[in-house]
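Next, two complexes with subunit A in common: one pairs it with subunit B, the other with subunit C.
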Partner chain A sequence: MKPTKKSRIPWNIKCLFCLVPSLVGITIFFVIPYFRVLYYSLIDNQFRRNFVWLDNYVKTIQNEYFQLAFKNSLLLILIAVPALILSSLSISLMLSFGLKKLRVLRTAFVLPLVIPTASAALIWATFFANVDNVLPVYLLFIWKNIGICIILMTAAFTCIDDSVFEAAKLDGAKRFTIHRKITIPLIMPTLIFSILISIVSSFKVFKETYLYYGGTNYPPQYSYTLQYYMNNNFLKLDYQSLAASAVFTSLLVFVIVIIGLLLQRRYTW
Partner chain B sequence: MKKLISTVIIVFLTLSLLSSCNNDKGNKDIINYDFHDVKINFTADDDDFLYEMEKDRPILFAIDNNGYLYYNELTQNFMKVTVLGLDGEKIDEAEIEPIGVWESGEFIPYPNGAESFNCIAVKDNVLYFTDSHPFTRDSTAVFSYNFNTKEQVKIAEIEGFNDVRKIIPLDGKLYLLGIDERLSQNINPAKNNYKGESIISVALQTGEHETVFDNMPFMMAETEDGVLIISAYAENGGYYFKKLNSENIIPNDNLNFSNSEEPNFEMYGSENIIHDSDKFLVFLPVDGNSETRVIVNNLPSINRKNFAVKSGYLFYETGSGVRRIKLSEEVNPAVLNMAHYSVLPPIIENFGFGLTFEQIDTYELSLSLLSLDSNYDMYNINSFSDISDNIRQKGAFYPLNDVPYVNEYLNAVFPYVREAAINEDGDIWMLPIYLHTNGLLYNEKICEEYDIDIAQLNTSEDLIEILATLKSRDITEYYDITHPQFFFERSFYQIMRKNNEFNRDDFREMALYIYDNINYIKDDWSYNRITSDTNPYPLIQVPGSVNRVADLRGRYLLYRRGVGDYHMQESFNRALEYEDYDDDYFWANLGKVDFRYFENYKHNRFILYPSVKAVEGIHVNDVTLEFITVNPHSENLDVVLEYISALAEYQLNLENSFILHDEKTYSMDRHFVKDAYEILNYEGNFIRFSLDSELIYSDFEKFLGDEITLDEYLNRAEFKINAYLRE
Partner chain C sequence: MVKIGKAGKNIFLVLLAALFFLPVFMTVGMSFLDNNMPTFQNYADLLFDCFVFYPVFWNSVLYAAVITIIGLLVIIPAAFGFSHAKFKGKGALFIFYIILMMMPLQVTILPNYIGLRDLGLINTRLGIILPACFSPFGVVVMSRYMQSINNSVIEAMRMETNSVIKIIFHAVIPQIRICIFAVVLFVFADCWNMLEQPLLFLRDINLQTLPVFLSNTEKYAGSVLFPAAVLFMFPVLLLYNFFSDSLEKGLTFGDLS
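Showing the complex of A and B:
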């Protein structure tokens, strides 16, 4: 048998070559625009272009409506994201280990992923017509995102070897203890990943609330989030406030993602 | 390997950073921009000469092939013709005998006699001139005066031919364009402006004359290579050109002659005609190709009858003599693209520039500005859109401070318009075009019949009272299309003019006032009417669509209309075509009033629309301003600024403009013109830069529909307005 001729191009170079199209796309559509946004956040006006360095950031952070939007976005992360993770975790556990009959409802949990946002917002608006608080928005966020979290967690459960559970049972562990001591730690990387994508999604909550409140740029005070702040500044041609808040938000997301990845690495077995 | 990947990423990042920072297109140095270096199309910069006259101005003038100027002046007993050389030096002069006829042994001078004639022309040092019979005016005499021999000759007397408008000596003949009595008997004035003109040739040696063209000509001119070009009305409307003795007809519908004046044109070269369109001289190929229509944009108004073109020079009469300019060709066919968000393109003169319009919405406009899009050269916006104030505040414009005529124009407009056109930094951020505001139109005659004193109408309470009076007298033959959206919006801006807080007593009162006085029907603003009581039906019925004037047949007492409505103009014009209008109809656009239509309207008066309440003793009136801003990233910035300059000059010289402050520029002696001027000159006027309409209406409608309480409405509105103004 004739031996296969070994390629003289190193494997890593081949990989890099394959990555080039992706890198080019990311550079054109993400990196360059991001640096442009960064540049605009440092000048006084995109038409005059005098550098004011961090003035736009100071102005933005001091703006009471940015603070309000930031607070509302943060509340969404602190309240709705944990609620989303807990709900999806509970449902995933029940689907995987608990109520077998619940499995027939699996499609129902994934349905929000495929329902158009406009339809979902309409259903929500009808259902919560007389509710004058932020609850519908939180519920809408959870409802829209629960499907993907359930899929991720259920998939993670299937990766756990049954022998681990059997050994625990032989050692006399109760069901709650098994999940607390074995299941959760073993799916921790997936859990952290779910938390991360939920947080990122929470920063993007705009379309749903925009439609839920009837297409207004000024929803009730409690639902005024960073996306509204940025969109309104776009419409008002205030690119500097828009750019500063976008950079600020992206840095925040970046920090959260880094922390999440570090945690994920720590829990990777 | 890691180093390689890192290097690649760093290269990408560096490139991206450079690309983001080097995109300085459009970031031109505003201060050092030298406008006067820019030349477009045909300019008058190369040569500009003023022939000094002994008197203020010539009666007529003609140019010979040497470029010498022949002109005549007013004298008591004879016609004095002077010949000036290229440098204005006097070359020759002649005292031409009075011209007229001998009747019963008595010399009777022709009407213009020693003072002037119909027309003059010159060729080979011979002057040709014409005049009409002194009594009957049904014949025309043709004369010549030879400057070499000092001999004056009567060449011919042509019966049944008068009002000669132009004469051209060519190939041993003199061609005359005038009115043929025979033809003027049977014309249809509704079809075009034809008055019975024909072209007659007169043999210079024998005086024999014949009609050479009578198929509705209206003007003629000679090309530089000696060809007679005739322009005529086409049978089915429009115009066409043809060469004499040629069967080839060249349709041309791009002419823009005013119907009210006699059209005139000259030939530039052998293919382009030059004619005047209002205050501008338009160059147009005979074949009607509008792409190369160009303009001399720095000329003052030209007398239609007194201008000539010879050897690339334009001669035209000014108040102080004859001016000569060299027409230098620098054809720049840049087409300017104007974005507008109104349904219909703005009615703006193009002054010979190629101008295209594209409708975009405010979101696209924001995106275009923020993305430094060079696709649009100008934006036509009005203050009614909330983006207009954002453009001012964020500097999304090219400042017009150094553009010729802009400052002069802004000094001439109403002071509140000038104030709106200049931002806090002193930059002129837009060029105002026209204003519209809401007036209450009423028929004075009918009001007198019913003993109603509209002149005392100041507040909405007064209006409601009048409506109640009318109702109590069972007077139903009037219309009013006041609806709460208008009423509320107007009130909103009146009250919010100096204070942006909703949650205060006067706003609360206003909201309750509207709540109490209209019959609100959910989701149907157009049929909600102001009423005088709490009847479940509207006091005022409006048949048909409120946007169609033709539906408003019959009499009316009161009629509220935003006077800048283009739809109204269209409908009105349609109504005129079918002649189904009478003295009770009215339409006015304060921006561009067409006074031809106002002859019949004798009983219409205009007053300021009543306001909800006086603010600091003044019933404020919000005025909407239509304007143009220049995209700082336009690729045709130089040409755009030339256009803006031409537009500013044009606006500056408008009569009855309804944007200029000087009352002397309003020459029309009409009630409504004076009324409209009074409205626009009112001390309480201000240019309203609208806020996002959603801030104002959405919750107010819920309040009117009893979905939320007044306090809830005010709290929501307060949050929205504060967020809008401060975020």
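Showing the complex of A and C:
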């Protein structure tokens, strides 16, 4: 071994330095400005800067458009997310435990993940031109997000030891029973994570609807979600109510993510 | 009886896959149709008459490529730091990254905007590029992936060199190649898709991206939109073609606990 000059900087410090670029960027573009947003949400306006504490929050919660947006975002979580999870779970079960030849079909489900939303929204708008309800948006959400769920679930299935299934089969268990009693409990952490990111992606549905309705800031009432509310306040330069709804949404997401991570830990084997 | 059930299930799966593929197929089909007659005219209109298409396409390529490359230069060391540095509060910091990764754009975009405004970067290319380079997604995915790699190679290299850069290049990157490809594909597709940031951070039409162009359905003639949508899909499909295996093997961050 060739002798090396002993470095004066300890190894651990060097590893810490590796984190610096990422931490600096996140501090400049996310953390410090976030506290400014928090500050904006507590003052009356940008020029007078009087503290009004929770006034902006109360105003936001009482705003009828905010309520409409909140209701629509909640419906998306309650209807589209379960539909997404159930369909991705059954499709990935069929792909992983069905005919090997059919595994090539996975591409059809994963591909939408990388297809640009603008291209998809265009064909959606053409195909569903005469539909006047929220269904196309839900379908677009499921189409776009099923890929990541299938990838995560399939990865979890491959981690299960085959002998578990052999043993269950020898005991005469039916396929459905095996999945219900063994496969799904074993992938519980991944399943919880998939539910978590699906809920979080449902908060992110804006691009889809914005492009689907041809770039308007005022979609039909049933598609007016929290993201529209915030986007429109941004354009109106109404920073106080934007800040209040941004802080409100961030707290909501924070709570959901923490609950998800705790559940995930609880179900880990 | 059982056999019919099985065959039925397989046929159902094939039909479902076809249904999921249909939007892509239809977009390509529509781009060659004019009043239900097959034609290349739409492409000719787009490529020869619609001059705004070239700069926005180039902008999209530039943003996505630069963000992916700089992003990797931030992500790989950070992921290495997360898996090798020892410090108090590492777990909490990682959870912070996960939460930040989960935040919707509408929450982070106002902080981004304020940060950019203070730096005087509104309405510049850097304003689009910089915040996106520090997206926490890649760091979370790659740190998780690095936990499964063989550390004895790194330990062995430490006997010979003290340079972290050399170790990352020769002992870490070869082991996480699949994950890097997956992150590249994901980050590129995400930036390629960028709509809100250019819409809110840029006023200058010459700096805009393709999704903004495609969102102006009223401004541009309908015939050029489908060809533009097809050309817009093309680069990501090309990347997907190369990296699809990695996408499925590299994104194994489902179990974060």
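Simple rule for what comes next: the second predicted complex is superposed on the first by the 247 of 269 C-alpha atoms of A that agree within 3 Å, B and C clash if a C-alpha of one lies under 4 Å from a C-alpha of the other, contacts with A are read in each partner's own complex, and residues count from 1 in each chain.
Here is the rule we go by: a contact is a pair of C-beta atoms (placed from the backbone, for glycine too) under 8 Å apart; a residue touches a chain by one contact, two chains touch by 3 or more.
These numbers were taken from a predicted model, which means no experiment stands behind them.
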Which of subunit B and subunit C A:217 touches, first, second, both or neither: first
Touching partner for A:16 - first (subunit B), second (subunit C), both, neither: both
First, second, both or neither for A:49, with subunit B first and subunit C second: first
Partner chain in contact with A:98 - subunit B first, subunit C second, else both or neither: second
First, second, both or neither for A:136, with subunit B first and subunit C second: neither
Between subunit B and subunit C, more extensive residue contact with subunit A: C
First (subunit B), second (subunit C), both or neither touched by A:39: first
Contacts of A:234 with subunit B and subunit C, given as first, second, both or neither: both
Those residues of subunit A which subunit B touches in one complex and subunit C touches in the other: 12, 16, 23, 32, 36, 214, 234-235, 239
Residues of subunit B touching subunit A in the complex: 1, 4-5, 8-9, 12-13, 15-17, 19-21, 23-24, 27, 362-363, 366, 369-370, 372, 387, 390-391, 393-397, 632, 692, 694-695, 698, 716, 719-720, 723-724, 726-727
Subunit A contact footprint on subunit C (complex, rising order): 9-10, 13-14, 16-18, 20-21, 23-24, 26-27, 30, 73-75, 77-78, 80-82, 84-87, 95, 98-100, 102-116, 118-119, 130-131, 133-134, 136, 139, 158-162, 164, 168, 185-186, 189, 192-193, 195-196, 200, 210-211, 214-218, 225-226, 229-230, 232-233, 236-237, 239-240, 244, 247-249, 251-257
Partner subunit B, residues of subunit A touching it in the complex: 10, 12-13, 16, 23, 27, 31-32, 35-36, 38-39, 45-49, 63-66, 214, 216-218, 220-221, 224, 229, 232-239, 241
Contact footprint of subunit C on subunit A as seen in their complex: 1-2, 4-7, 11-12, 14-19, 21-23, 25-26, 28-30, 32-34, 36-37, 91, 94-95, 98-99, 102, 105-127, 143, 146, 148, 151-156, 189-190, 193-194, 196-197, 200, 203-204, 206-207, 210-211, 214-215, 226-227, 230-231, 234-235, 239, 242-243, 246, 249-250, 253-254, 256-258, 261, 264-265, 268
